[in-house]
Amino acid sequence: MIARLSVLLLFALGLRAQIFTLTRDQVMKYTAENPYDRFPDGRPKVPDELLEKVKGLSIEEVWAVLPGKGYRQQFAGPGWRIMHPEKKLVGRAVTLQFMPARPDLQKPSDPKANSSGPRIAQHQRFIDNLQPGDVAVVDLYGKIEGGTIVGDNLATAIWNASKTGLVVDGAIRDAEGIFPIGMPVYYRGVHPTPIDYSSVMVTGVNVPVKIGDATVMPGDIVFGDRGGLYFIPPQFVKEVVDKAEITHIHDEWTKMKLDTGKYKSSDIYPTPHDPALKKEYEEYLKKRLGK
Amino acid sequence: MIARLSVLLLFALGLRAQIFTLTRDQVMKYTAENPYDRFPDGRPKVPDELLEKVKGLSIEEVWAVLPGKGYRQQFAGPGWRIMHPEKKLVGRAVTLQFMPARPDLQKPSDPKANSSGPRIAQHQRFIDNLQPGDVAVVDLYGKIEGGTIVGDNLATAIWNASKTGLVVDGAIRDAEGIFPIGMPVYYRGVHPTPIDYSSVMVTGVNVPVKIGDATVMPGDIVFGDRGGLYFIPPQFVKEVVDKAEITHIHDEWTKMKLDTGKYKSSDIYPTPHDPALKKEYEEYLKKRLGK
Amino acid sequence: MIARLSVLLLFALGLRAQIFTLTRDQVMKYTAENPYDRFPDGRPKVPDELLEKVKGLSIEEVWAVLPGKGYRQQFAGPGWRIMHPEKKLVGRAVTLQFMPARPDLQKPSDPKANSSGPRIAQHQRFIDNLQPGDVAVVDLYGKIEGGTIVGDNLATAIWNASKTGLVVDGAIRDAEGIFPIGMPVYYRGVHPTPIDYSSVMVTGVNVPVKIGDATVMPGDIVFGDRGGLYFIPPQFVKEVVDKAEITHIHDEWTKMKLDTGKYKSSDIYPTPHDPALKKEYEEYLKKRLGK
Amino acid sequence: MIARLSVLLLFALGLRAQIFTLTRDQVMKYTAENPYDRFPDGRPKVPDELLEKVKGLSIEEVWAVLPGKGYRQQFAGPGWRIMHPEKKLVGRAVTLQFMPARPDLQKPSDPKANSSGPRIAQHQRFIDNLQPGDVAVVDLYGKIEGGTIVGDNLATAIWNASKTGLVVDGAIRDAEGIFPIGMPVYYRGVHPTPIDYSSVMVTGVNVPVKIGDATVMPGDIVFGDRGGLYFIPPQFVKEVVDKAEITHIHDEWTKMKLDTGKYKSSDIYPTPHDPALKKEYEEYLKKRLGK
Amino acid sequence: MIARLSVLLLFALGLRAQIFTLTRDQVMKYTAENPYDRFPDGRPKVPDELLEKVKGLSIEEVWAVLPGKGYRQQFAGPGWRIMHPEKKLVGRAVTLQFMPARPDLQKPSDPKANSSGPRIAQHQRFIDNLQPGDVAVVDLYGKIEGGTIVGDNLATAIWNASKTGLVVDGAIRDAEGIFPIGMPVYYRGVHPTPIDYSSVMVTGVNVPVKIGDATVMPGDIVFGDRGGLYFIPPQFVKEVVDKAEITHIHDEWTKMKLDTGKYKSSDIYPTPHDPALKKEYEEYLKKRLGK
Amino acid sequence: MIARLSVLLLFALGLRAQIFTLTRDQVMKYTAENPYDRFPDGRPKVPDELLEKVKGLSIEEVWAVLPGKGYRQQFAGPGWRIMHPEKKLVGRAVTLQFMPARPDLQKPSDPKANSSGPRIAQHQRFIDNLQPGDVAVVDLYGKIEGGTIVGDNLATAIWNASKTGLVVDGAIRDAEGIFPIGMPVYYRGVHPTPIDYSSVMVTGVNVPVKIGDATVMPGDIVFGDRGGLYFIPPQFVKEVVDKAEITHIHDEWTKMKLDTGKYKSSDIYPTPHDPALKKEYEEYLKKRLGK
């Protein structure tokens, strides 16, 4: 779709800056517990190897760690539509925040800024900054009409840049054109309108955003599957992955046993009662962990 | 399913006529801008060739034309369930309007009418009049229980007559039997009850009807895909199709460029800034249009 | 997922008994019209052969019998999510009822009960009692967070024990792990929390339960397809199946005729008007029934 | 509030005519059971004396008659906001129907029509035709923004013309200015926008309209109290009023007896069992009716 | 309103017994922590003097005690309509449970039962058993149409018997007639239908019932004000009342100080920081408690 | 109510600072069009005399100016509960923003900060800074349980400090205790829990906040009546007030004329057609303005 933005509108779009920002120092202060490297803007960079392991998780394994650490609100909650639920969504959050538009907050911040160069809409500039492994996480406060962050062209741009997917607490347009890209998208609705900068305005880039029931920080690990959406602070990713490995083996063994048809669930789940079974499980666990 | 309509009920059904009607002259007056042929009852007949081209559209390409013409309410809005979203729904609207039933509006209009011949329920008579390329568009005001316009038998009849699909702002029954027909259906819910003429009554055939957020006229082009439902007045179909051709080429080129991985989205979208790229696109467009 | 239940909680879970119970005599009194054998606890046992025939039904064929008998509320109503709608869910209901938890109703009923043996959570004990052909029907009053009756391990246990499926007026967790089991599940939502016995408590096993708009009795036949969920009291199963056979033949003939493209729906549906067609249908019916 | 309608818009408003109309003959056909006089346009005119008696009814007394006559859908259902619930709304319905606007249905019907005279918006012309005892019943299909039938000026006009009240399945504006008029209003919401003829269009005046769950005919008696809204066809008004008189006496006696504190409700309600009490009631009834 | 129950229906009503019951022993077991007397059926009887004090509470003072005891679900939650919110509702719960009706659970339990005496509908018999200070707490699972526990006559009976009020997770009818009684009623909706025993059936009397988000036991203290509905188990009533006394004095003093205009809220709330103020408060508290 | 905050929690509360802040310069930049004085922190200070005039407005008179200036989203939209709708809410916005809590964003920003002085919860500190004429505008993103900004004590503090009222897109507690203060409150729900800093966290003070459908800036004029809530940027207050004066006179004259019973609404509204009437109105207007 060719976006039909009036020259006047592009003017405004190209010149204003977001209201809420975090300096590199602020990002580092608020993500002080991040044990990994960072991007130049301070955003935590959970290593690629760990991201690979996150792809093997299920939502429940994230839950198994986070609430116990006092993070009871990192699950995005109900009401999401999922495009391509058969694929997991995993990556590092970059965030974009919108609020209802009002002209006085959309004025140019620098009178000279418009003197040269093309005008780029703010959400497009955000998309152009995506790195491989990033997940665009957009707070459009559930807006559907006029709250459509991408159509098929910009969705293609997101996919090519990030190879991950998209989370928008708002809408998409051109669902028919986005579907064949094969990218997982978590969204609230579909509408034929393009994003409408007279209805919505960008208020922050890479700031904390509210997505459903959760607050997401730039650098959080986004994890989505059929069971919903989770945002994992960097400091917990390793523990989640490690615990999950044991759970995987436990569930593998449990289902293997149940599939024999010889046991009631309570014989072996949550843990086997019979000492012989208990031993069998422990040996199985040791062997599998030893790999 | 054999509909279990009491003799008494069939009696009533067979004899009453709808309350709201449009004469051929009225249809022509209200669709005066239709540039095409008409059916005998005055309903605009957008040509088959154009319908074929409509199948290549996306919802956004319809949006690109209609609001600019002052038609801001032709999109059916949210809350629809789609059976077979992988198929596009395209055809000419024929409309049926229901309201909550009251016996004084269901009385026979002509005392002699019941003297001979079988009694045919009004919605079935409507279905029996469908032509190839027609889409049955039914306003059942969102009613689910007792608001089930078809089960598998009448759905088969619709499919055989129209080879298009069905839009019902109400319910269907026998979803399990309708699914294998393979016909796209836009509906609000499913219920095991057959349509209940003591709860609903036909008030109009081929009159303007409200479907979701839109008013649909007989002869409008129905267009449905994963992105929702649109009703295009005949006078705009050609312009929509023509504009879409350019958009298709534009999007084809844009995605081709994005897929090279060499560009940021803003280099080429909505339009390329670099003069060389601009020229490349214009030549591509010319060549493709020239085909 | 390894459920993380504290020792303290398991203690409570293991010892308390449900509040509402029906003795074998009560079950027999309330299901006095059951014409078939019974399980040891009095629950009606519709024969396997009949269950096989139920698999050929559609929701509408159940509706065709039940309301006429005064059973107008056996359809579970709207708002269900279906995992694996392409498979029919058919089996004998066993029921489990929850209410919001309060500690005074969760106290041990027998001070000696905790002296030995492993503690088994009540819902797990319920699952361990499932027989082949049973369908677990769980009233969790629509609760999502903390109202998750199974994850992938216990779902595997249900599948292995019953080979049918699950109905929960509440939630499941680990949808990603349950999906590959291939079992039809009717549920309200998904949440990463395990079932939370400080929020919900078991109040009855094999008692009447409210599931959506219906009251379900143990021994009712559960029937689910794309059209929704129905609960058939045992005394009507045979009549439903017998009537459906004729409906199947009727619909087969109707669609065959419609597919010829020679008839309007009203020529043959609900019944053919033309005497020759009428005769043709009757002979077809006789022949097919005679098989 | 001064409505700010552009000249262009007024032009359109003033000239187009509604799409759905009923001739005097049609009104008489569809209200053939009306036993009373009629207005010049055919609308039934239930006599003023009867209207006075209707003011003494309660919603339940209307229910006591209508469903038994096959009119099961004359209650407007849930979701209404009531301004001044302490006053009963009673009067004869005049109806106005809106649908989502589209320009081709809003074109002038007569090219000469705009040659002279002031342009009057259609809803205002409707209001100007109200008679004493009329109740404006407006179908704005639940629309809130842009679906505001009156502000304080036109609400004053309604009150002065009808001395009854207003029913709008849509919105009002200027609730603060309407409140002091003291008129009962049944509505769905409040919005500061004036009615927006680029969003909504008049499609019928004095035709059947859907208001909540009911179909309302011009001439129906509107009855509203804290218990909701009912639309009584003229042919049943007398029976409702007559039956209610007995119910009033019955309830008066029942409550009088209950207030003595000497009886359980089942001693006297629904009817007294004790022969002496029965006789007492019958004498009370006779005496009171004799008045 | 005279209830129009057919003889046939009354027959069924009069003879069946509820399915769920608790014996006196069971009631005593499940309310073992009740420190007060009991009614003959075992229901706890919090003393009248204590009930008087409960009338001085606010919802928040109940909250201040219950969750800390592990009773986190005794608040009825959102979505209630309140008639007469200006009056507090306080009393001892008696409970009535309904489920969707099915005829096989409504059959007479004793073939001789119908040989003599008047038939009394089950909900009326329940009302006739109300004692002064009781609050009828009815689980009609949110049903509106056909789920109307009382009209004006039975509401009068409730008021005369209990002098408290009514809680129904369902509907009332004749709101216009109930309003002048002046009794606080917590309910979900209003409908003109009387209670419909072909849609709903009584399943339990004085058993645990689910009301909104809470489980209510017979003998719980019902507490309702503008802030919502709470159900206090008898064992906590005294502690709630005692703590509230201090809170009352604290709030009295806090507001008195704030009203002087000399303090910021943080100077004195939640507790004064200044030693002199602290002392002043403590002396005030002592004096007021000493009264 | 005495808030029961653990020492641990108070520690966190007292030391952390909000994430989003605007410096004085930023406030001035974003409110550059403010024609009036400012508070020391840069917040625009619309003069008291003008505030007095705003009290005479109606919601519609605000609408009459703002959308025409491109401010189409300053109306807070539907779904608000209003305490004391009989009083207008008028004042200067001060804003407070919450998001779902996560511990890493709640850490102390300055390790020395906790060395002395009492700890004050952030929302209380916000309340303590209120000036006469301020309106506390709190974004609690619709949260009810745990999202209760005030009970009766802090509501008293707000009232004493501001003498205006409160807007919270979230909840209040102790509605029973707040009601008698007599202060207008716009809120979403009521819950007995106090505000829960393990569920919600302050993210900004005097930053732009989203309240319903609107973005509110510190210094906006809050205007609430029965018709809803509006937020007027300072630069438009005078124009709104001036236009409203004419509207008041217009409406006064219109209603006076309508009350004579001599005119149809279209004779005089929106403007009189008759030249004599027109002149009469103009003279009336001139005279009234001249006062």
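The chains carry the letters A, B, C, D, E and F, assigned in the order they are written, with residues numbered from 1 in each.
The rule we apply is simple: contacts are C-beta pairs under 8 Å (C-beta built on N, C-alpha and C of every residue); 3 or more make two chains touch, one makes a residue touch a chain.
Note that this is a predicted model, so its numbers are computed, not measured.
Engineer: Determine the shortest chain-contact distance, in steps, between subunit C and subunit D.
Structural biologist: The least step count works out to 2.
Engineer: List the interface residue numbers of subunit C and of subunit E, divide the shared ones by all numbers used, and answer same when the ratio is over half, different when under half.
Structural biologist: Mostly same residues: over half of the interface numbers shared.
Engineer: Given the pairs C-E, A-F or D-E, which one repeats the contacts seen at D-F for over half of the pairs?
Structural biologist: D-E
Engineer: With chain centres taken as the means of their Cα atoms, state the distance from subunit A to subunit B in Å.
Structural biologist: For subunit A versus subunit B, the centre distance works out to 37 Å.
Engineer: From the C-alpha centre of subunit C to that of subunit F, how far is it in Å?
Structural biologist: Each chain reduced to its C-alpha mean, subunit C and subunit F end up 52 Å apart.
Engineer: How many angstrom lie between the centres of subunit B and subunit D, each centre taken as the mean Cα position?
Structural biologist: Distance between chain centres: 34 Å.
Engineer: Find every residue in subunit E that makes contact with two or more other chains and list them.
Structural biologist: Answer for subunit E, listing residues that touch two or more other chains: there are none.
Engineer: For this entry, which pairs of chains touch?
Structural biologist: Applying the touch rule to all chain pairs gives A-B, A-C, A-F, B-C, B-D, C-E, D-E, D-F, E-F.
Engineer: Could you pull out which subunit A residues touch subunit C in their complex?
Structural biologist: Listed in rising order, the residues of subunit A that touch subunit C are 58-64, 75, 78, 225-228, 230, 246-247, 250-251, 254-255, 258-259, 261, 264-266, 269-271, 273.
Engineer: Name, in rising order, each residue of subunit B that touches subunit D in their complex.
Structural biologist: Listed in rising order, the residues of subunit B that touch subunit D are 19-20, 22, 26, 29-33, 69-74, 99-105, 107, 109, 141, 198-199, 201, 203-204, 207-208, 210, 213-215, 217, 233, 235.
Engineer: Which stretch or stretches of subunit D touch subunit F in the complex?
Structural biologist: Going through subunit D, the ones touching subunit F are 1-5, 118, 120, 124-125, 127-128, 144, 151-154, 156-157, 160, 173-177, 179, 189-194.
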